[in-house]
Amino acid sequence: MSQFIVRSGPFTHAPTSVRATMGLVLVALLPATAFNLWLFGWPALFMFLATLIFCLLAEAGCLILAKKPLMPSLGDGSVALTGWLLAMSLPPWAPWWICLLGAIFAVVLAKHLFGGLGQNVFNPAMVGRVALLVSFPLQMTAFVSARPLGSAAAPGFGQSLGMIFGHTPWPDQVSAASALGYVKTELSRGVPVTQSMHHLPDLMDMALGLHPGSFGETSALLLLLGGLLLLARRVITWHIPTAVMGSLFVLATLFHAVDPGRYAGGLFHLLSGATFLGAFFIATDYVTSPVTKKGQLVYGCGVGGLTWLIRTFAGYPEGMAFAVLLMNALTPIIDHHFRPRAFGRTPQGDPLPLKDRT
Amino acid sequence: MKLFPVRGGVHPDYRKERTAEAAIVALPLPKALYLPLQQHIGAPAEAVVEAGQRVLKGQLLALAGGPVSAPVHAPTSGLVAAIATMTAPHPSGLAQPTIILEPDGREEWAALPPPIPDPFAADPAVIRARVADCGIVGMGGATFPSAVKLALGTEHKLDILLLNGAECEPYLTCDDRLMRERAEAVLDGARIMAHALGAARVVVAIEANKPQALEIMARAAAALADVTVVKVPAQYPMGSERHLVQAITGRETPARKLTADLGVVVHNVATAQAVREAVRFGRPLLSRVVTVSGGAVAHPANVEAPLGALVSDLVDFCGGLTTPPRQVVNGGPMMGQPLPSLAVPVVKGMSGILALTAAETNEQPSEPCIRCGTCVTICPCGLVPVEMAAFIRKEDIDGAARLGVQDCVSCGSCSYICPAHIPLVHFFNYAKGRLAEKAREARRTDRVRQLVEVHNTRLDKLAAARAAQAAAVEAARAEAAKATGATGQGGAS
Amino acid sequence: MLIAVGSMALMGGVLGGVLGLASRYLAVKENPLEQELQSLLPGANCAQCGYVGCGQAAAALARGEAPVTLCPPGGKAVAERLARKLGVKADLSGQVDKEPEFALIDEDLCIGCTRCIRECTADAILGAPKQMHTVLLDNCHGCAKCFKVCPTEAIKMCKVPVTLSEWHWDSPQAHSGRLH
Amino acid sequence: MMPQRPVVHALILGIFCLVFGVILATTDLFTHDTIKLRAVEDLQNSLTLVIPASIHDNNPVSDAVVIKDGGRDVTVYRAMKGGTVTGAAYAIEGSGYGGPITLMLGVDPEGKILGVRATAFHETPGLGDRIDAAKSDWITRFTGLWLGHPPADKWKVKKDGGVFDQFAGATITPRGVVAAVKNGLEFFARHKADILEGRR
Amino acid sequence: MSSGYAKIFKDGLWENNGVLCQMLGMCPTMAMTTSATNGLGMGLATLFVMASSNLLIASLRNYITPQVRIPVFILIIAAMVTLVDMTMNAYMHELYKVLGLFIPLIVSNCLPLGRAEVFAAKEPVLPSFCDGLAMGLGFTAALTVIGAMREITGSGTLFADASLLLGPAFKVMELRLLPPGDGVLMAVLPPGGFLATGLLLAVKRMIDIRAGKPISMAGAHAVT
Amino acid sequence: MQNYVLLMVGAALVNNVVLVRFLGLCSFMGVTTKVDTATGMGMATTFVLTVSSVLTWALETFLLVPNDLTYLRTVTFILVIAAVVQFTEMVVKKISPALFQTLGIYLPLITTNCSVLGIPLLNVEQHHNFMQSMLYGFASALGFSLILVVFAGLRERLALAEVPRLFAGPPIAFITASLLALAFMGFSGISTN
């Protein structure tokens, strides 16, 4: 009794915790992760584990330097989630040093220099990915076509270990461009979108995840499944995912209708790249997104719109990570402008006028 | 009746089933009663009895200390053992003046004011005076002197007396039981208050999780044309005055205005019953129904306890504690206040005594805010708890005030829901306290400045007067000297 | 060459003239202290002090709202100059807020000399010559002037007690509730 | 402070401007020609990189012709030995990742490349800047090629189905350079007669 | 008085360093530090301009009215910069080809103007000259260090092309620390400039804390 | 028309003055502790940059180029800009104290901001005509204002965060700017011509 009397109420609390929230997100990521582990084989597993472990180590190191207790922060699942999402946004066969640098960018630079959990203004996993992409464009765009575990083409355990941690070269002919990258390259040499589309997996394969891309982003359907779980458990609300995908889809469809040779269609944009991963798991990061629902809608539309803009016009084929970071930067301003209206006050904060009662 | 949506709010685990079926039982008279002089918002009452004096049940012990204050009466007959300072049933644990009464067990009534025969024909002022004399304060928790609130009708045109039977706090069932067991009395009291206020209608709002109360009250109201019983959704904090008014009328009380400005006055059901006792029988407020509950209490119950009984008396009456509680709370778990110990008395606003176990409080060390935004979504006042707390954490109280921390009703929803277990309400209470302190300080400085000015002008005047006097004396002396000089010589002494 | 020099000189002359004219006909009265302070500031107008440029910084200094150590480009030297100008010590960190106090007269010791009454600027002391004095708590602002003049040390300065209605929760970060 | 008349400020600023105007103008007087000369030297230096000294005995800068191509004027510096044109050099522009890339292209009278150098560009260090001869020998691999070798439809980077290496992780820069060089050769082919005969 | 000059230099190099404490002249600090050599070159050019403009301003300060003070100071600085630009172009052409790009930008660098206002406009000639020198040296040092940080991590070299700036004798300074193509490209791109400066500020603060100095947080108080 | 739009997008986003061109960084660091200040500074800079782009275009076209005085470019540009800004400040201060409080107080800060010289010089380098110069100045300033406000928002949040002592204040501001620049790299490669 002595410990808590120094606190004012309430004296009952909902059975929620940071750990439970993060745990649910991890569970929601499981289906897509498992599928892609199968799809991309042993090297992907090593890459995934390496990223996760490096992130945990980086967190531990920072906590020690900051003289903070290790366990609550390491155990609450937030850094595991950062590492997990970082791994999901890396090429499936990225070498260990990419994982290490990514962990440092994400956990040290983007999170702990700002003071740790909850204090950061940019999404750590996306900072990790973008810093890597900008620094190592070559390695970060080296995707592989699917070679399911157990299939003849899949690299073996030892070979995979060598590929991720040593200098074992990749098997021949595995390197492939992502759908967005392919369309962009073709466009840059004058091949219209309508034509390059024929060389891409069909939409069903795209939805299932049978196409080259980052480790965790390919399977739209399984990501959707995880997203629905989060929605059902109220970890996230519909606002951000809907706004992200809606704005992306609407913009892409409109422009596609105007000039199909120049602009890819709405469905293609939804199913390629990190649209589902981003909409459900990344743009929704609590820490770096607005806290109000209206703000979240604006933020989501911004992410979707910028993703389309960057994919369509800028130098990089994929724009989700940049869009998320750009909107992260706008989040304080959005929060400032979309504060809810206080009870009994006008949106400007003055008391409501008293209506004449008759 | 059409209801209007209310924004935000939470659905805590209500745990009302533990006492919902426990009929109100009276507490046997304890060995001593401890009656604090401050059981209400406003100035403390002033004792009018002395140690050693014998008093009768219902006799005035302390007089209201100002226009916003309430008197205290003897809940039973007995001897005033002492007037001493004693720990208040207040989180501060500060001591305050308390009248200690040793009952003699004779329950001898003092001469009570006469009943008002037909309250509905009486002048509202008469009813108000009676309510004031009987020491009735709001029993919904705010303990604001009810007579002051009944005077609202003099300046406002009122339509509705809204009888607050929401009882949205978990655990508490005292209002529920009161409505089920004394429905007629409650409604009678409410109609008296409506008359005093000049309000044409009485609307009784009861949360949907109290079906029996709803049914019984509706039945009791069936014969009364001016009373409507309304089922409001169980959504914490539906019982909050402004939110209830919004749910019933659809109108939002402007900030810094009263619901009376919308033509509605809200009173608690227990207040209504107390008003009836005062008006119909001249009985002052001597006891109240308290829900004694919580996982650590052996036999939770609804106890009608004389004011001044010790919390430990009630707990013992309910079988004592089975385990050491994590927290003993005065009121409900959401808005209640922690009690410094069990050795504090029951006061007029104490609706519940909860001895909660750790499992019930689910209190956990706080973690960093993850900006999940839930607190923003659920805040029924449309505030941004996460940001206000951030400002307060950096001791920027004015920043928090700009975000509207003073609009916070301390409902506790945000702290309840926060996954990081941040004591948000505590932050806001602290900030509100600091702001009030600053305002007091500013008023004080102003007053001192005025005093000093008065003092200085007085001194100046004094000095001027003295100078004038001196000058006059001087002049007189010169005059006199001249006169003596003119007459030749001689001493004017 | 001629064009170069000529056009430069012309530009200079015109611009200088315009500025000169402006400074004469558009002059706005300014607080002389502000101007002096501004002349002590670097004039880099970098806004790192949190004010919009040195002019605003000087105004804030003059109002007493800004510490003399406000200016990073100016460094220690400017802080010292400002401190000298404003007559304050540069290091103000040691200052602590005094808790409010009030005077309490011990009636047993009071000899009714009325010295305290003469000192009190707030008329907070009641009493007449050779009679006991008491302090009106509401009026006393704790200046301790009376305390200093009392010949019998009958006056004590006491902390204002917290009342129930004035008490408030301490910050949850303070971790020091009044209770245990 | 003494109130001053506007004319004082005018005079002060005017005099300062006058003085510094004189100083700068004088400096310009002394340095103007030298600076011009240095610019020419720079040009010559870049020309020697794309036209071997052994094939000419003239100063190509002074034997320049201006060719009208489309709406543009292109200055072509001609290398001559014994009065016959042995080579020509001119600036061409391509577009890279970081903006325009300026190149100097030297060809022999048959349209065979004598040398190419990038003279101004804003490509990313470590990626696109490998077109700089100081960073890699990529740009020197153009030497000896002509429009038919490789065939016109193979004047592309490998990624686009051509014969030229792209840089790892940077395709845009080489693509731009290859296209620019090809354009440069086509320009020569169009205006070969004019250039060789010195018509403008 | 020697201690006075010692203080001027100590201020310029560390205590009140233009980049690390005053946070002025940030533009060249970001733009010209993709390599240590660039930083050094920009620093040296700025050093020259600052010393000479401080000298001129301090000697002429009594003839300048407040109304035209800023235009005159700017004029002096701009003239010095143009002078340097033209002279170097004509007579030190090789060096100019390396530095030429940076030189006009010195005018817009706010550090020279800052020093002109804070020091040269108020102090005698010789100290002003020393202040320009010291601040310039501090600026050069900061730019070189930031340049080195970015160059090492970004391109894996240190003082690449230093011989072009300083002469063939300095070829020995040119180091290669990582195999070509192994750098973290971000370091030489815009984000790297901010990052390196931020880290350097933190390092300076760490050293100051170790030395027991109070830490100053520019502008921090205004936000609370 | 499309050209002008591209020019403006390029100046505001792709080649953002602060994050890519590295101009005006001292103001960027100085005035961004509060959103209100940043907004005011942004508006004032927009005014000055537009005006100075036009003025220097005139200076270049009618004085420097015809008389072969381009070596005086830097001197004359900065002189005119400085004087005009100072003059504007005096005028605003006199005629409208309200306007002075919202805009005027920022004017002295602008003279020491290198974007007011940098943008006109870029105008010359890119051979902009009158309309292009004006739009380029205007759009660059808009980009500057955008970044200023966004960054001020971020810094207001950082002021409430528990940043480690070693990084609190300027260091974390630079690191935040670094991540902002990283995010802006997403726009790189948008072709603006």
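Worth pointing out:
As written, the chains take the letters A, B, C, D, E and F, and residue 1 is the first residue of each chain.
Here is the rule we use: contacts are C-beta pairs under 8 Å (C-beta built on N, C-alpha and C of every residue); 3 or more make two chains touch, one makes a residue touch a chain.
Only a predicted model underlies this, so the values are computations on that prediction, with no experimental measurement involved.
Compared with chain E, the chain whose C-alpha mean position is the greatest distance off is B. Chain centre most remote from that of chain D: B (centre = mean of CA atoms). When C-beta pairs in contact are tallied for each pair of chains, A-B comes out on top.
If you average the CA atoms of chain B and of chain F, the two centres end up 58 Å from each other. Between chain B and chain E the centroid-to-centroid distance comes to 67 Å (mean Cα coordinates, whole Å). In terms of their C-alpha centroids, the spacing between chain E and chain F amounts to 21 Å.
Rounded to whole angstrom, the centroid-to-centroid distance between chain A and chain E, based on C-alpha atoms, equals 40 Å.
Multi-chain contact residues of chain B, defined as those touching 2 or more other chains: 91, 340, 368, 387, 393-395, 423, 426, 429. Along chain F, residues 26, 29-30, 33-34, 71-72, 75, 79, 83, 86, 111-112, 156, 159, 162, 167, 172, 175, 179, 182, 184-185, 189 each make contact with two or more other chains.
For chain D, residues touching at least two other chains, in rising order: 4, 8-9, 12-13, 16-17, 20-21, 24, 28, 97, 127, 168. Per the touch definition, chain A reaches chain D in the complex via residues 136-138, 141, 185, 188-189, 315. Residues 1, 4, 8-9, 12-13, 16-17, 20, 23-24, 27-28, 30-31, 34-35, 38, 41-42, 124-127, 168 of chain D touch chain E in their complex.
Residues 1, 4-5, 7-18, 20-21, 72, 76, 78, 116-119, 286-293, 296, 335, 339-345, 349, 351-355, 357 of chain A are the ones touching chain B in the complex.
Across the complex, chain C meets chain F through its residues 3-4, 7-8, 11-12, 15, 18-19, 22-23, 26-28, 44-48, 50, 52-56.
Chain A makes touch with chain F in their complex at residues 66, 109-110, 112-116, 119, 121-122, 127, 130-131, 134, 306, 310, 313-316, 319, 321-323, 325-326, 328-333, 336.
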